[in-house]
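Lettered A, B, C and D in written order, each chain numbered from 1.
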Amino acid sequence: MFNYRTNLGQAEFENPIFTASGCAGSGKELSQFFNLTELGAVVTKSIMLKPRSGRATPRMAETPSGMLNSIGLQGPGIDQFLETDIPWLREQGATIVVSIAGESTEDYAVLARKLRAVPGLAALEVNISCPNVENRGQVFACHPATARAAIEAVRRNIGGELPIIAKLTPDVTSIVEIAQEVVAAGADAIALINTVLGMVIDTTTMRPKLAGKTGGLSGPAIRPIAVRAIYQVHEALPQVRILGMGGVSSGLDAFELILAGASAVSVGTATFGNPTAVIKIKEELKNELIEHGFDSLREAVGYAHRSEGNLI
Amino acid sequence: MSELVSNKKVGAYHHMVFSVGEIASVAKPGNFVAIAVGGESSQLVLRRAFAIYRTFDRGSSAGLLEIVVAPHGAGSIWLTNQVPGTKIDLIAPLGNAFGIPTEPVRALLVGGGYGSAPLFGLSEVLKNRGCRVDMVLGASTAMKIYAPLDGKRSVSSLTITTEDGSTGTAGKVTDVLPEIIAASQVDIIYSCGPMGMLEAINKIAVDFNIVHQCSIEESMACGIGVCMTCVLPIKGEDGVIRMLRSCIDGPVVDAETVIWDSKRSIPEGTWGAN
Amino acid sequence: MFNYRTNLGQAEFENPIFTASGCAGSGKELSQFFNLTELGAVVTKSIMLKPRSGRATPRMAETPSGMLNSIGLQGPGIDQFLETDIPWLREQGATIVVSIAGESTEDYAVLARKLRAVPGLAALEVNISCPNVENRGQVFACHPATARAAIEAVRRNIGGELPIIAKLTPDVTSIVEIAQEVVAAGADAIALINTVLGMVIDTTTMRPKLAGKTGGLSGPAIRPIAVRAIYQVHEALPQVRILGMGGVSSGLDAFELILAGASAVSVGTATFGNPTAVIKIKEELKNELIEHGFDSLREAVGYAHRSEGNLI
Amino acid sequence: MSELVSNKKVGAYHHMVFSVGEIASVAKPGNFVAIAVGGESSQLVLRRAFAIYRTFDRGSSAGLLEIVVAPHGAGSIWLTNQVPGTKIDLIAPLGNAFGIPTEPVRALLVGGGYGSAPLFGLSEVLKNRGCRVDMVLGASTAMKIYAPLDGKRSVSSLTITTEDGSTGTAGKVTDVLPEIIAASQVDIIYSCGPMGMLEAINKIAVDFNIVHQCSIEESMACGIGVCMTCVLPIKGEDGVIRMLRSCIDGPVVDAETVIWDSKRSIPEGTWGAN
């Protein structure tokens, strides 16, 4: 019997295929296409303290094998989210990973306090790839100190229970340095990678296509960057579990991230092209693993790092 | 996968028919389809949305669905180059539908360019409900007017405007609307076309105090409500402006609830704006 | 008459379309397909002090809308290069930009000294996106201090004459910071962007596909990253000329980089798919500019930055 | 652009014919073509290389060029799915050619899988020069032996080996080589196929002290010598190992000059190694 189970820190999951934050709505929209219990976990869109309108439109531009988005974290705020979204997901029997985002270190602390007593959560994904209003809008995850502060704030306030997955941006000189910092600050696992900062200029209007000018690049175009980041962090911190993501649209793509060192894989942009992509990927990855002779997912995690002489 | 059954050039557009089985029986006027474009190793990762022009419900396996496509960029050009027999990856029906009045009313349907496509199905439904249906179609030039013969049969009057005067009245749809509204004592306007046109029609609808439903075309990444790229600011009954998804709360919206002219900025007072 | 001329620092060029370093061989190979004088400039592959075998194979992996390479700067070394490549290019009447790369600050100094007396060069592209053996193999352009030191070494040794174009990697937390640093150190222009660090894992062998494990991602996939980097640097340093590159394969793509702030555009990966891509792009860009009502290339440079009210 | 004239499945392969005009008159056995794959909005940015199987020089406009393609990954599957009439973006001839002896010699041609393709054109040239040509083709299974009837005519003997024994001798080409070399008193070996096979053939050629030219298949990004991705370590006449481009200094190389088994590392003593 093939063992598809995986874990991120203390959190155990039936299978390693998750939705990516911000790419699965509230879960309701996808539940028309399949049963949410089929997923390793539903990762919610990053929720903030207060309601957010998000950025103006256009918020999206297609790019070669990818897309830019600048949603700007539109959402109802944590209170309404806990009142409506979470109970609904629990009713469905979904495994829930809540993603949070803040504008200040204090935001992260407050969000963690609001979540510590919430039952039925598997883990917390802490999106620190967002602008810090207290630091000239610089992204938390871009600097060791702010990345550390955000994760520490969550760690202190969440209580020892809920595993913390720190989600990092690849737009840094050394992703390993940031990863080491957030692990030191109390992160149990790392989510890699958030979108890559990009821009498209509309050659008709001759201005940036997105109202927010820059946006986050996602989709197959960035997969080589994701694989590299995962490989580097797994090499430096082999004991830390990684939730991989970035351009996965097939089981083979997911397998690549697993071999690089991911213990689970989130699927984002692929869902936009195919609402049932996550289910397809889950089946395909399992078949890949079995065909390559693995008895369990865990054996394959980081397998690309084995020394040259080693053969399966 | 749905088989492409027919692909014919009509003026500047392609009229395309797909064999879609049961889907044909559930689609309503206003709904759209989302089609994967570019083939197997395509660099185009997102589907393209197309308004449903018509459906033929011929029993579960033989249903047909028709769209009208303007070859414009990479995706639509790929699509219009496909030959009958090709299997196309298509999701439908998506989005909401035009609201159908419960009583017979006098309806005016206004379409810009390929925006006429969803209006013919709508006019048939309205006619079956005993409504009077007038139609105004506008485009820059004659080739861009999509008005097939059998479509025309379902309307009481059809007025055409082109900016270059190559057919119908020279000018824009909005040039002829006031007169028609007055003459036909229109109760409701349905429109579909470019944003600028919808906004201009809305000004007239507001002036005449007529209900106006329009079908919006925002850039959509997913078409199923999960990505939040397709939003537009809409004032709710509680007076609060919210960024709503045009793919599931639309594409049909009450024009007077839309905050027009908010392009590239969040209107003041929008819920969650900061 | 449309004015297609451009400049980078003091260097003037007939037109803004260049080859990209490392993507045009010695020039000879492409001269079978067109006359090199048709190009704004031929940018040579980065030349080092000594002969280099480069990395082992496989050196290449295709990725969605892009490719990874790990050539490892294979080349004959500066002495042979000056003896054979440069005289040949001069004979052709090509406009020459020499690209140099070093393993230490001292390498850059020596390379500059060797080049200062060489006649017939239009400019020097200083590739500082390569590993510094004196600093744990860290890339010069990844850190302000090493980036500055390399450019200063060139500036001091080249004499006041030859314009210096500093070529930066996008794999940094702040490209603007590095750009400011190299300009302060004496760079006359900035080349943006070098490849993005990536990895592909071969799912058959279950190891990194490239012998060198990581490689540089190029091609259309990275164009949004290039446009963003160019836009940011032009915004921060509007007076500094930019040689843009990254995923350009059509005139429209080149136009996008120009609007973002590039004064000239190098074409790399597109040449691999189409040997005459540079010529096609040169013609297409000119037509785009004319169709958009520009009388000269220079008017279009950075045009996407104009304030909202402004219309052409 | 070259028109695809014919596309026929032959065993596990596709035999594809293109109308290429004058190119047909300059291509030599050993040259290859580079083909753009995936169509207009393809995410496949690099061309794929294919050995030229044959050319028909029928005057400047009517020249034909033939290749044999194994549907393997995204690019080759796309190519083999194209229908006659399609315009294909093709560059040829590229690379060097097999060296042709000036005197009549006894040649042995060894092909693995679709590696047989360039050998038939070669055998015709050799035959016209008065050479005796023996041929050995090997593959894992019968379907992967490419040996068309008219090709066979140009060889004096044809031996086939398959690993599963489904046709010919069960085993590898190298199992039968020593006997044939001895029997035919072979002067020169030409080979084309997977690297492992070429290396194994080379061992035998060295043992027998026979000249051996092989056609190499390295990952190529450009095919025209500008990218340096396709290199392999080759020992020059001066005894120095250099990383040479298999696209322009190859694909045909003298097997004994290749540093075999250097995969994933630079051989010691290579020029510029550090």
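We take it that contacts are C-beta pairs under 8 Å (C-beta built on N, C-alpha and C of every residue); 3 or more make two chains touch, one makes a residue touch a chain.
None of these values were measured; they are calculated from a predicted model.
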Problem - Number of hops, subunit B to subunit D, where each hop joins two touching chains - result: 1
Handout entry: Taking each chain's C-alpha mean as its centre, the one farthest from subunit D
Key = B
Practice task
Write down the chain pair with more C-beta contact pairs when C-D is set against A-D.
Solution key: C-D
Exercise for the section: Compute the distance, rounded to whole Å, between the mean C-alpha positions of subunit A and subunit B. Expected result: 36
Completion exercise
Taking each chain's centre as the mean of its CA atoms, subunit B sits from subunit C at a distance in Å of 46
Problem - Multi-chain contact sites of subunit A, meaning residues that touch two or more partners - result: 64-66, 219-220
Handout entry: Multi-partner residues of subunit D (at least 2 other chains)
Key = 43-44
Exercise for the section: Name the shape of the chain contact graph, picking from line, ring, star, complete and other. Expected result: complete
Practice task
Under the touch definition given earlier, write down the residues of subunit A that touch subunit B in their complex.
Solution key: 22-25, 29-30, 32-33, 45, 50-62, 64-67, 69, 71, 74-77, 211, 219-220, 249, 269-275
Problem - Of subunit B, residues touching subunit D in the complex - result: 37-44, 74-75, 77-78
Exercise for the section: Could you pull out which subunit A residues touch subunit D in their complex? Expected result: 64-65, 220
Fill in the blank from the handout: In the complex, the residues of subunit A that touch subunit C are 63-66, 68, 142-143, 171-174, 196-201, 203, 206-208, 213-214, 217, 219-225, 227-228, 231, 247, 252, 255-256, 259-260, 288, 292, 303-304, 312
Practice task
Spell out the part of subunit B that touches subunit C in their complex, as residue ranges.
Solution key: 43
